[in-house]
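Next, two complexes with chain A in common: one pairs it with chain B, the other with chain C.
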Partner chain A sequence: MDFSLIHNLAIGFGTAMSLQNLFYCFMGVLLGTLIGVLPGIGPLATIAMLLPVTFSLPPVSALIMLAGIYYGAQYGGSTTSILVNLPGEAASVITCIDGYQMARQGRAGPALAISAMGSFFAGCVATVIIALFAPPLAEVALKFGPAEYFALMVLGLVGATVLAHGSLIKAIAMTILGLLLGLVGTDVNSGMARYTFGLSELSDGIGFVIVAMGIFGLAEIISNLEQGESASEVFVNKVTGLMPTWKDLKSSSGAILRGTAIGSALGILPGGGALLSSFAAYTLEKKIGDPSGFGKGEIRGVAAPESANNAGAQTSFIPLLTLGIPSNPVMALMIGAMMIQGIAPGPQVMTERPQLFWGMIVSMWIGNLMLVILNLPMIGMWVKLLTVPYRILYPAILLFCAVGVYSLSNQPFDVMLMALFGLFGWVWRKMECEPAPMILGFILGPLMEENLRRAMLLSRGDPSVFATKPICAVLLGISIVLLLITLAPAVRKTREEAFVEE
Partner chain B sequence: MKRLIVFALVLAMAPLLACAQTYPSKPIRLVVPYPSGGPLDITARSIGQKLTETWHQPVVVDNRPGAGGNIGADFVAKSPADGYTLLMGAVATHAINPVLYGKVPYDPIKDFAPVALVAQVPNILVVNPSLPVKSVKELIEFARAKPGALNFGSGSTGSTGHLAGELFKTMAHVEMVHIPYKGAAAAMADLLAGQVQLMFDNLASALPNVKAGKLRALAVTTLRRSPALPDLPTIAEAGLPGFDLSTWFGIMLPAGTAPDIVARLNAEIVRALNAKDMRERLENMGTEPPPENTPEKFSAFIRSEAAKYAKVVKDSGAKVE
Partner chain C sequence: MKIRSGRDFWAGTMFIAIGVWFAVVAQYYPMGSAVRMGPAYFPTILGGLLALLGVAITIRAFFSKLENPLKMFAFRPLYFVGSVVIGAGTYFADAWFKDMLMVEYGLVGLSLCLFFAAFGGRSLFLILLACLFFGYALKPLGLILAIVILIVISALGGHDFRYKEVTILTVVLAVFSVYGFVKGLGLPFNVWPGE
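This part shows the complex of A and B:
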């Protein structure tokens, strides 16, 4: 096994290090970073636009470039999350929470740097995992049936309340609101259109990007404008060093390791695993150690989710490369690109086309290296961007958001919906209700419902299946324990208050 | 003064001459009513590229996903019939959805001028190897012995994968439970894991796993065998005569487009489909360029498919509101 691994890596290096493939790798990661930075326009739209270009490229080069765009976008996405509170994708939402607060405190540089370093570490580790364990991991992933996914989502939702650092009741309320918003659309199991008000634009549900752009980005702009001139001064005056301090590095190292582990594990699961990785990493980080700084600019709250989402992005290639199953829409596009080239993605890609498989894996590592070299020096440039007067910055942000959202489906309706959510987001801010639990409910709710009903369909209506399947039972058990731990202090406090009043 | 007026009138008429004679004289929009990356989208992009090369006018693919394809189809139905907005219509938009949804905002027959069928892709009946059946006949016997025990997965309610299963149930008089998923890939994942036992999947997507031995292929759903798997029987041959179902898609224009534009487009598309690289792409999908591809034949085909699916969807009881 060891000898063949070296042999395979040799094939991989031979393929990936050719001048042509290095060039395409670089183009891919550069494009990916730029796309990730631009709010709204994501890797999905870019890869779709570049698909015809790949017709004429040799298959390995095409896939290397497209893969570079995908994980490059993860690097770039954290930039806007930290600088302007705009998450480009589901994975970057969590980075907004602490990353943006760090930027407001003048620590955008260290936030960006730790994000890049954590992402690099996670990317390397994940690549090694793919190289060594891809086929057995794919088999493990297959053990996750609907019941197990449901249990995982429940665990994720219970963790949602941990995401909030304010009132618990409001966090639960926002989570439920997110669940309700996630209901909009056509139900998979019955074909019924729910909450669509007869509009066919809503029949596929509300897009995540629209909600995220509105609630995080637009609401932030509205609220900054409301505060007037004083808001923008915060950024300009308080920019301290660009690089993280030793203290930062020490406290983040554990976070990075844990984030990488969680992201690698969850990324393998086709069907929504990678989405959870940044949420789960943040939750874990908050539970371990001192939770007081979270939400106010705690660097571990940036390091962990960033490592997790990069690890998840890399390992989500595993179901694609080993089973031919895409874990998310971007992977589905990669399958399209492979099929254009006449490569049928599936189990035999590894054996029939070793240059493709191993070339891609090695180029992922090279791509990560290129990305960290690209991104670290650019931090100075990004931080300077914050010094642009806000009255010029915010129309630019608005423009990019609008263009990005429009580019999703070429429908003006989407842009108007984003504006509506911007308004809601601002109102919720005023009410001190946090958006992160809502987003989590919004993403997890539909997945949870779909898997619950499918599990019940498969068991012909027998609910005991949730207790009898081992993985499912374990996950549900952990959820219950976590729920009790979270609620216990609140219960104790009210009881103490009641006693005091007596 | 009179000369000036005549000159001005002639100038004003020049654009009309340009339109009539040199189609296409500006970029063409090819609307794909599905998200990017699927086989329909990829084929549309390939054809678009070929048309661009021949006509030196860009053919731009415009993805307008949503509502099972209805949004994109409606957009083209209401576009001007000048030959510059094409639709890659499919079995879903023109045969299934009108019955499945009860009503759609366009008329699939009256609002469109069919140009050319692009591909008719078979679905393939695949089972998880743990299921002890090796042929369609054995599957029917197994299903009859254990009614309601088998699960079949599909990419969505009303997809050809779902309706193939329903047609199979009706024609073979067996009971199976339909498990819908969000996309064929998710269904395939559960099929490989054994959560569902069989699936009528797209041939191109299922083929790699069949070749690797992770799935067992029993038959194809079309009346003719697929060139990709010439040894695999059709369901019609293997036990249910008359079973015919395929996923097809083709280019259409809004109704009322000038017949010579339709004819020009048809000729060019047929030429593109028979080019060597397009043939190869179609073969990778498990099919070949449709023979005798005329607008009239395509139009008749759409009508017959609409009638067929009206019955299949009604019998299955599937509905999307």
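This part shows the complex of A and C:
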């Protein structure tokens, strides 16, 4: 710890505290809470929808707002899980189990309060972790050559497939499919148009936003409509006292600490993030101490996953900011947002644009503070939103998706493509092929090809370079070990069990 | 031999088809060498790999522990074939349509609609159709009429269609869009036809 950290944080505060950035931070967390509360629309679709809107903003404000949506959604998601047994957001699925039981026992208030406190604590810790660990990591990354970057991307993709739900082999296939789709468009080296069918609309490649909106936005709506509206008992009027008792605080403080630690660690991993963190934290809580209360309204079962998902959501920014590699689909969208703003993601962001880097980090802490204020006293307002039926909600979501995609380049072709990817997303769901690894592959496809080409050019066509460079060999070694471990029968069983509760 | 997992079977088949297609099309591009990779190099490797994985997944379908039916959704082969025939025909006869662009667009649209309908789901078809119509109606018909089309068709894709609610929703969203998107964000949309 030296003075540079304080100096850097000062730069960050200077940027994040400007009136404009405070406003966009507020808008981000407000929107995040809103979509977190509303089931059927997640942070991914929202960020995709808002990307075109951020074109006209300065880069710092745009990224601050988009980041706010992501971690804001983690707060909002817990509200619906507890009150309606309906996760507003995938990472809150696990909170339903004990949170809803608490609400049924008339203890919705303490559940909400503990989840907000846990989230805030986790958010603060995660912010400090990013500030401490990002600079040294970026320094290492600056020494990376094309071979190391290629190996790093392989590790990122392997991580995403290992942590995806369901079948491993299908996840790998989806990743490769994503890489291939990413290659559509003009080849950078030769200027040749690949897989475009001679259509000029495809010469710049398939827009990332189009794919994300189709697969996550449209396919989600269609699946929801097919399932029909489920009727859950809403405990709206039962939110009376918010204050948890001493006993609640005492038993949940340990859970919050453990959840934060797990979430922070898992968020950094490729493929990790909020979803995995909350599952892991819940499983750990069940193993530690008395498991009898779980499933019947145990407050630790709310505190741990809620802290973990918030910590994970924030630390997943570390690989993005230091290496320029997304660890989950939301981070892939953030990369898209940076590229649109003319910023090449990677370790140089921190040195070349300290305002952007530190401003974003400090804004996360400010955003967390805003979220506590937004969520606790105003809980009643968010709960009212839940009474809006889905049949009114989805045409509006559809309109925003369509307008967002159309405004990318004012072409009806893009909207048609979105519809086509909506169809693909729906078919993949039916086949139980997880689309998340595909979207990572899609973003990394052109980058991987570029780095592979450079690495091979530098080594004069000798592929052994990937084994002889130490960093490279280690990264590829970890990838292989990860894959082998996942294939081992014992791990395979627990992996299937871990995701079965969804 | 019996196919135990329909999901695996169809997923595997799909991966084989896509992998082979990418690898075959790549052969029209220069391959280059390992030192200087041409545009065909990377996609050929990936396409081959994807096809291999597809084969493995298809084989797994015969031994899967999980049993699920071969019929995943109400697929309509006739629509699918029709869509492919019309679409491919229009694509290859592109030059022939030079004086009748509207006819060509119409045929492409028909092919797309048939493709969307081929997968059987009512909600699926109507939601995708709503997007498609919105996209192509926005320029000629203006934002407001395009919104009416999108909301009405997509609302039909739901479970119960209530005239009053849909009308109010359309009006609210139209007003919001005109003030929010066109006036507020300055998106270059026509509000009314022929502006």
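In this text, the second predicted complex is superposed on the first by the 267 of 502 C-alpha atoms of A that agree within 3 Å, B and C clash if a C-alpha of one lies under 4 Å from a C-alpha of the other, contacts with A are read in each partner's own complex, and residues count from 1 in each chain.
As a convention for this text, a residue touches a chain if its C-beta (ideal position, glycine included) is under 8 Å from a C-beta of that chain, and two chains touch if they have at least 3 such contacts.
In this text, all values refer to a predicted model and were calculated from it rather than measured experimentally.
Look at A:Leu457: by the touch rule set out above, it reaches both chain B and chain C.
After overlaying the two complexes on the shared chain, residue contacts for A:Leu155 are found with neither chain B nor chain C. Of the two partner chains, chain C is the only one that A:Asp414 touches; chain B does not reach it.
Contact with chain C, but none with chain B, is seen for A:Leu423 once the two complexes are overlaid on the shared chain.
By the touch criterion stated above, A:Pro146 is placed in contact with chain B alone, chain C being left untouched. When the two structures are aligned on the shared chain, A:Ile340 is found in touch with chain B, with no touch to chain C.
Contact with chain C, but none with chain B, is seen for A:Ala173 once the two complexes are overlaid on the shared chain. In the superposition on chain A, A:Asn189 makes contact with both chain B and chain C.
Note: residues 189-190, 192, 410, 457, 460 of chain A belong to the chain B contact set and to the chain C contact set alike, using the contact criterion stated above.
The touching residues of chain A, counted against chain C in their complex, run 53, 56, 167, 169-170, 172-173, 176-177, 179-180, 183, 187, 189-190, 192, 194-195, 197, 218, 221-222, 225-226, 228-229, 391-392, 394-396, 398-399, 401-403, 406-407, 410, 412-416, 418-419, 422-423, 426-427, 430-433, 448-449, 452-453, 456-457, 460-461, 463.
Of all the residues in chain B, the ones that touch chain A in their complex are 35-39, 41-42, 45-46, 48-49, 62-67, 70-71, 74, 100, 105, 148, 151, 156-158, 177, 179-183, 185-186, 188-190, 192-193, 195-196, 204-205, 207-209, 211-212, 214, 280-281, 284-285, 318-321. Residues 7-8, 10-11, 14-15, 18-19, 22, 25-26, 29-30, 33-39, 42-43, 46-47, 49-50, 53-54, 56-57, 60, 72-73, 91, 112, 115-116, 119, 121, 123-124, 127-128, 130-132, 134-136, 138-139, 147, 150-151, 154-155, 157-160, 162, 165-166, 169, 173, 177, 181, 185, 187-188 of chain C are the ones touching chain A in the complex. Here chain A touches chain B in the complex through residues 44, 47-48, 51-52, 55, 142-146, 186, 188-193, 200-201, 203-204, 270-271, 319, 323-326, 329, 332-333, 335-336, 339-340, 342, 344-349, 409-411, 450, 454, 457-458, 460, going by the rule given at the top.
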